[in-house]
Amino acid sequence: MNKRLKIVTIGGGSSYTPELMEGFINRADRLDIKELWLVDVEEGREKLEIVGAMAQRMIEASGLDTKVFLTLDRREALKDADFVTTQFRVGQLSARVKDERIPGKYGLLGQETNGAGGIFKAFRTIPVILDIIKDMEELCPNAWLIDFTNPAGMVTEAAIKVGGWKRTIGLCNIPVGATKANHEAMGYDENDQILFEKFAGLNHFHWHRVWDRDGSEVTDQLIEAFYNPESEYAKSKKAEVANIAAINYTYEQVKDLGMLPCPYHRYYYIEREMLDENLQNFKDHKTRAETVKATEAELFELYKDPELNYKPEQLTKRGGAHYSDAACEIIASIHNDSRTVMTVSTQNNGTVVDLPYDCIVEVTSVITSHGAEPFNWGTFPPAARGQLQLMKAMEETVIEAAVTGDYGKAVQAFTINPLIQSGNYTIDLLNEMLVAHKDHLPQFKETIEKLEAQGVKYIAD
Amino acid sequence: MNKRLKIVTIGGGSSYTPELMEGFINRADRLDIKELWLVDVEEGREKLEIVGAMAQRMIEASGLDTKVFLTLDRREALKDADFVTTQFRVGQLSARVKDERIPGKYGLLGQETNGAGGIFKAFRTIPVILDIIKDMEELCPNAWLIDFTNPAGMVTEAAIKVGGWKRTIGLCNIPVGATKANHEAMGYDENDQILFEKFAGLNHFHWHRVWDRDGSEVTDQLIEAFYNPESEYAKSKKAEVANIAAINYTYEQVKDLGMLPCPYHRYYYIEREMLDENLQNFKDHKTRAETVKATEAELFELYKDPELNYKPEQLTKRGGAHYSDAACEIIASIHNDSRTVMTVSTQNNGTVVDLPYDCIVEVTSVITSHGAEPFNWGTFPPAARGQLQLMKAMEETVIEAAVTGDYGKAVQAFTINPLIQSGNYTIDLLNEMLVAHKDHLPQFKETIEKLEAQGVKYIAD
Amino acid sequence: MNKRLKIVTIGGGSSYTPELMEGFINRADRLDIKELWLVDVEEGREKLEIVGAMAQRMIEASGLDTKVFLTLDRREALKDADFVTTQFRVGQLSARVKDERIPGKYGLLGQETNGAGGIFKAFRTIPVILDIIKDMEELCPNAWLIDFTNPAGMVTEAAIKVGGWKRTIGLCNIPVGATKANHEAMGYDENDQILFEKFAGLNHFHWHRVWDRDGSEVTDQLIEAFYNPESEYAKSKKAEVANIAAINYTYEQVKDLGMLPCPYHRYYYIEREMLDENLQNFKDHKTRAETVKATEAELFELYKDPELNYKPEQLTKRGGAHYSDAACEIIASIHNDSRTVMTVSTQNNGTVVDLPYDCIVEVTSVITSHGAEPFNWGTFPPAARGQLQLMKAMEETVIEAAVTGDYGKAVQAFTINPLIQSGNYTIDLLNEMLVAHKDHLPQFKETIEKLEAQGVKYIAD
Amino acid sequence: MNKRLKIVTIGGGSSYTPELMEGFINRADRLDIKELWLVDVEEGREKLEIVGAMAQRMIEASGLDTKVFLTLDRREALKDADFVTTQFRVGQLSARVKDERIPGKYGLLGQETNGAGGIFKAFRTIPVILDIIKDMEELCPNAWLIDFTNPAGMVTEAAIKVGGWKRTIGLCNIPVGATKANHEAMGYDENDQILFEKFAGLNHFHWHRVWDRDGSEVTDQLIEAFYNPESEYAKSKKAEVANIAAINYTYEQVKDLGMLPCPYHRYYYIEREMLDENLQNFKDHKTRAETVKATEAELFELYKDPELNYKPEQLTKRGGAHYSDAACEIIASIHNDSRTVMTVSTQNNGTVVDLPYDCIVEVTSVITSHGAEPFNWGTFPPAARGQLQLMKAMEETVIEAAVTGDYGKAVQAFTINPLIQSGNYTIDLLNEMLVAHKDHLPQFKETIEKLEAQGVKYIAD
């Protein structure tokens, strides 16, 4: 494709930006980028300046004819964009700290995309994505939106169903990691893409099956390798994902499942162990956000080095590795109609029969120039099906609350979320979180004012 | 209908039998019963003899030409039966005590039809119902099976889907109680059946909507009356159901739901309060089975009185009130094609679109001579839909484990049950319960032997 | 119910009006009608005056305190109405003559509700019903709309799905007739409602099953009686419906079906015989509309008699007998919450799983004060399922064409209609019919002008 | 893949065999064939010998180390086979002549895979494919069955659903031809596979959509090119498929459809023109089978030439061109896990939401070593949906009749088939065809004997 592209990255001040730059530079033969706009908000100005300068150095070192712009003016950036990627975090890491710590005070899991924290991240992010879409309708009506802001599944569902922006693809690095692990466990080189893998479910709540090149299904063999405590492989294994504790599943349960779970299933399949571990971190002030804050500070120190013009090794430890690279690959595949096989969040349209036709699912797809074409999946066995259906129902409830600011709907979402033990104390947690995040929840303004009038307070611990 | 009937009651030694007798006597104009067979097992012989004698006295007092037989020989009883009702309890109340107390040791809810206890009740009961069906195929191939043995939904699903006995109807007294309460709250006489009510969901997990005679829906009005803590009615209200604590729902959540929940929803909607209350009873040795044991002892003392020939007032306190009366009404409606409107467990066939076509649902139906004809329901709003789908998936998993004795499937059922916090300790609970109930779990024989060899023990507390 | 009602009948000048009057008079104990408004258009003024005067005489003779108004001002009539019934015919019988005769020129079936004629009746009627609904929104927002204007299924679907008037029930007399026939064939008195019948499908395209009071299904027995050419009953049988030739089905086909077809299935199951008979009538100028015109002329002569104050016997021959009576029964059942069992066109909502959730189906329902509550049906066996699905798809296409005036959609409807052999000549037929009906097809105005400019003409034969 | 393969071709005496040989020879780098078995029945012995010798010459000329076996012993051939392809024709071309000519006597379409002829081809073929599968279960339990015997959709559905042989893929050359035409119309080289095409529906009854490399959908553009009578391309176009007359669609109808139809849709979309043309051929004794008989005779004369060792040009005219080549490509893609994109008949599993989950559909798939992985399709717009659903229902009815020999089911299939005008005369046609094909319809033996006793005769014209 000959067209010179304008790409916009919202949340450009992220510590991940160097990976994104590297991804673009490595795909220079498939992506001829004329302008790359890194956009951020006032709160993130300093980070944007540091990492933006670093991005400019990387481009310079690459010798490419790409201009990198840094701006706080989103509308200027969006004008005539071809691709918009989103990696912003409403409320910065401080908001994440609240998501992870407030539930802990109530004896509940504090996590970025699961439980009460995940619900509040959706509450804060969905209005912003809808706002971005409003700008895009006006300024770049043909652009593709590649979302890797979490919770990516709900954000994509809101963008497509509520915002009506069909050209949205949601992205996650978990399937990339699983592919790596599967090839490694089978003794193959990941780059050869020997295994045929089919993922289906929701973002952070999907399963997959794997076939070998001779046509035999090797899912059970991989379950043995990964989850049988007796297997050599399992004994040598470490954490799959930096932000999830490497506690083993109940082998019999995963074996009965007959599919490979995703790392986040731990919160649902071994809920007690994960909760205990999470509450220990809470007590030790070692929640993920607190850890990441330190890592980030180190990274930004590195980025300040005016000599550094390549992605530093340390970034890989950050947890979201491969995210940005996957985003670059999607852009390249759309732009070139490369038909790369990737697992992304896209419209269901019957791919997973057990879920509503018009919802968003995360499924293995071929990425074409007209979007993601998923492989059909069909139905799930009952045990997976039921939990999946509940999660989607919960997501729908969260999105409705996020869009309308309806308090009853928020209570409902808390009630049915499987990681929040329901009860009247749930209301206390919900109320405290609403007040804590009030700067980023305009849709709940009235409710929050009423709560504050009733004396509800956020008490940092 | 002129035919003189043979009716068989399996679990005839139950303390509820007098209510059943009263139900039959009250419907003498619609049910001409030639023979009534009360069947029980050796363990229940004494109770059968006491309550059986009482049943004979009740018939005698009624002046009806009905012969009451007491027997331990199920096959003799089933020969040429027209209706078979089941009210047996495998392992008697002692098994229920285990179901309620063992989970408590693990900090989990101990309950007869929910959580780990409900799963084990299904494990013990399903093989027996399938055994009864095998006898029925041979001895009374045209008989109707009216099941009110719990968990009635799963038992009915096993009877119809696994046993292939289409002429099964499962029964619960909860909808009867709800109808009473709704009429009372609206100021109507329940017997006038003024309100039009439509229930749908699963046994012990359904919702309903209510319309007044002028066509207006009064569901929200009833939600206000029952669940708004400010309402006069709510303030005066007591426990809906004897075996469920009268802790109030979160008003905002039920209001958002827009449907009336069933009493058992408390375990899911205010999980923490219900668990706390349950664990307190556990500590105090006041679990429901322990309480019932005392009540039953009293009842049987009463039944021994050779002068007593009517249902004593005390039976009403027993919790299962109306169950037996509802069973009599179903029999009368089938026999006379009365087309009575009742809420029963029957084949879904699309009544609830959100659930598998071939599963069993509890829905408002017209009871005809050819069975239950349910009113169409359609879909549920997301929050109810998701939990309902998970519960059905859990039921399917439990039934499969109950039928096959597959240990992995049992682990899976424990993992996805929303009242069992998943984790490796779940395995310990499952294992202890398997060993504790070993006399009534022939399908798990091999697994249990293995567990015992590994040192797993049931430790009564 | 104490409320004094205002009822409006659109198409009040119909020859059926006396049956409607009789229906109201017979239900005086359940319907206290204060005002009855008969509305018609200028074209029908004369008939309205004749039959309206007759209606007034009938009321007078009944001694009821009801006032009958005759008007051409629909809006005046609709003001504060409680029930609106529709029995109008856009373009009067002359339009029906065209529907029945133009297809004949192309060698195709000419029929009021099937084939090309049925499509055009929908094209003319749907815009008018949507117009009526607009008035109702303003003038009587709580009224029920009881439609018995054909094609009742499509008109009801347009009213509910396009017009958004949920309080619409579509009505047909075919199920009433079938119930009569079934009871007669079984030797029962129809008024005893002994048989339990369940109908499902679409208006003029449904099937039904029947159960006897002992619970046995007698569908096959009735198929034998009605359709086995050897059966005594079949030999004595006459036409089921006045406007459908009494040609027998292929017995083996109906037997394989295992359900009772509706009379209109003849057009689909024995297409060739029905077409031959229809074309013969076409040649003889004895199409149904031509016959009815004569009958109507006779009826209106009778109605002119100032002494006649009761429904004359001759009306029964008219074909639509029971329609008006059924309409009165629905009104009475809604008003009194009588919960009468009737087969009506209402929202599917999953009642028939094989059809879209949001479409209109004709199904056996309980008529309550809040509308029709259908009995669940489930799925059909393949042979019925496939044709039913095609018919619904055709209906959806017709409705879209009727609402938008899209010519391509009209071509599509003609192409997939199973009674119109597709082909380029279909276009000629469509074009001639568009031109012929131009006075009643405002939505196709542009297309028709274009066709006329191209020389397309309607040539009466 | 290193394995040396054994491939078996049932119906090896077909005139297409040289194309198959060429396909294997051209893919020698991906398919190392040790043994190729050409199997036929006694009736086809002569043809097998001629074309088999020719096949051996082709292999010899290629220099490959492949041994070609000719046999009438199917079981010997199947022993340890890796792939089995089917291209047999039960009853040879003489049976096809009957399928095409008998309907003509009744004024109906005579065609190989549509209407009455298609139904009888299914009746004859399905029992044979089930027989082959029985042998395969015993002799080559891991082999893949590649069916290109027509009607390929129904044969595949019978093989998978009735025979239980999941490793079946049905094949058709129509999509290959459409891809060629689309690339040509867009000015692209077909081999570059620039366009992204998605087909869905049934064998000989599917539609497709096309996207260009820049992501824009070009379906409408192709509809203009192919079907707008004013387009340059349409004016220059010839028949798409040798056996289907090149009569143009109604442009407005195809335009409204918004998808590209398959050539066989002509029988349904312009039924009258196609019927007229077919009946003209009938009168002129130029039905397709009669024409093909002549072509075949010529081909076999050519094949006798002991010097000929390559596929002769003339074979391309035969109509089924690309079939065999597509079969070779599927085999190569399965064997090598090449993940080639092809449109094949495979299990639906929700790919087309409008059709039963467990049926067979023809859909664009990636061919992997574990079978076809279809791209999700979703739903169709109403007009296509309805006809598709009817066709599938008809197929299900035909398959049931073919498997059981149930006469009522055969009557039903004839009644609902959209190309057979239903009616009592349909029975006469059905009866004559049953008698005409009696040698190849063992399942209908009893029925046929009864018909013959009643005097039914096949009268060749």
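Note that the chains take the letters A, B, C and D in the order they are written out, and that residue 1 is the start of every chain.
Everything below uses one rule, namely that contacts are C-beta pairs under 8 Å (C-beta built on N, C-alpha and C of every residue); 3 or more make two chains touch, one makes a residue touch a chain.
Bear in mind that the values here come from a model prediction, so they are computed numbers and not experimental data.
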{"item": "Chains in simultaneous contact with chain C and chain D", "value": "none"}
{"item": "Chain copies touching (chain A, chain D) - same or different residues, decided at half shared", "value": "same"}
{"item": "Winner on C-beta contact pairs when A-B is weighed against B-C", "value": "A-B"}
{"item": "Where chain B and chain D are represented by their mean Cα positions, the distance between them in whole Å", "value": "55"}
{"item": "Distance between chain centroids, defined by C-alpha means - chain B, chain C (Å)", "value": "46"}
{"item": "Cα-centroid distance, chain A relative to chain B, in whole angstrom", "value": "44"}
{"item": "Shared interface positions of chain C, touching two or more other chains", "value": "none"}
{"item": "Pairs of chains in contact (touch as defined earlier), listed by label", "value": "A-B, A-D, B-C, C-D"}
{"item": "Contact footprint of chain A on chain D as seen in their complex", "value": "1, 196, 198, 211-217, 334, 337, 339, 349-351, 353, 357, 366, 368-371, 373-379"}
{"item": "Chain B residues touching chain A - in the complex, by the definition given at the top", "value": "250, 252-253, 255-257, 268-275, 382-383, 385-387, 389-394, 396-397, 400, 406-409, 411-413, 415-416, 418, 421-427"}
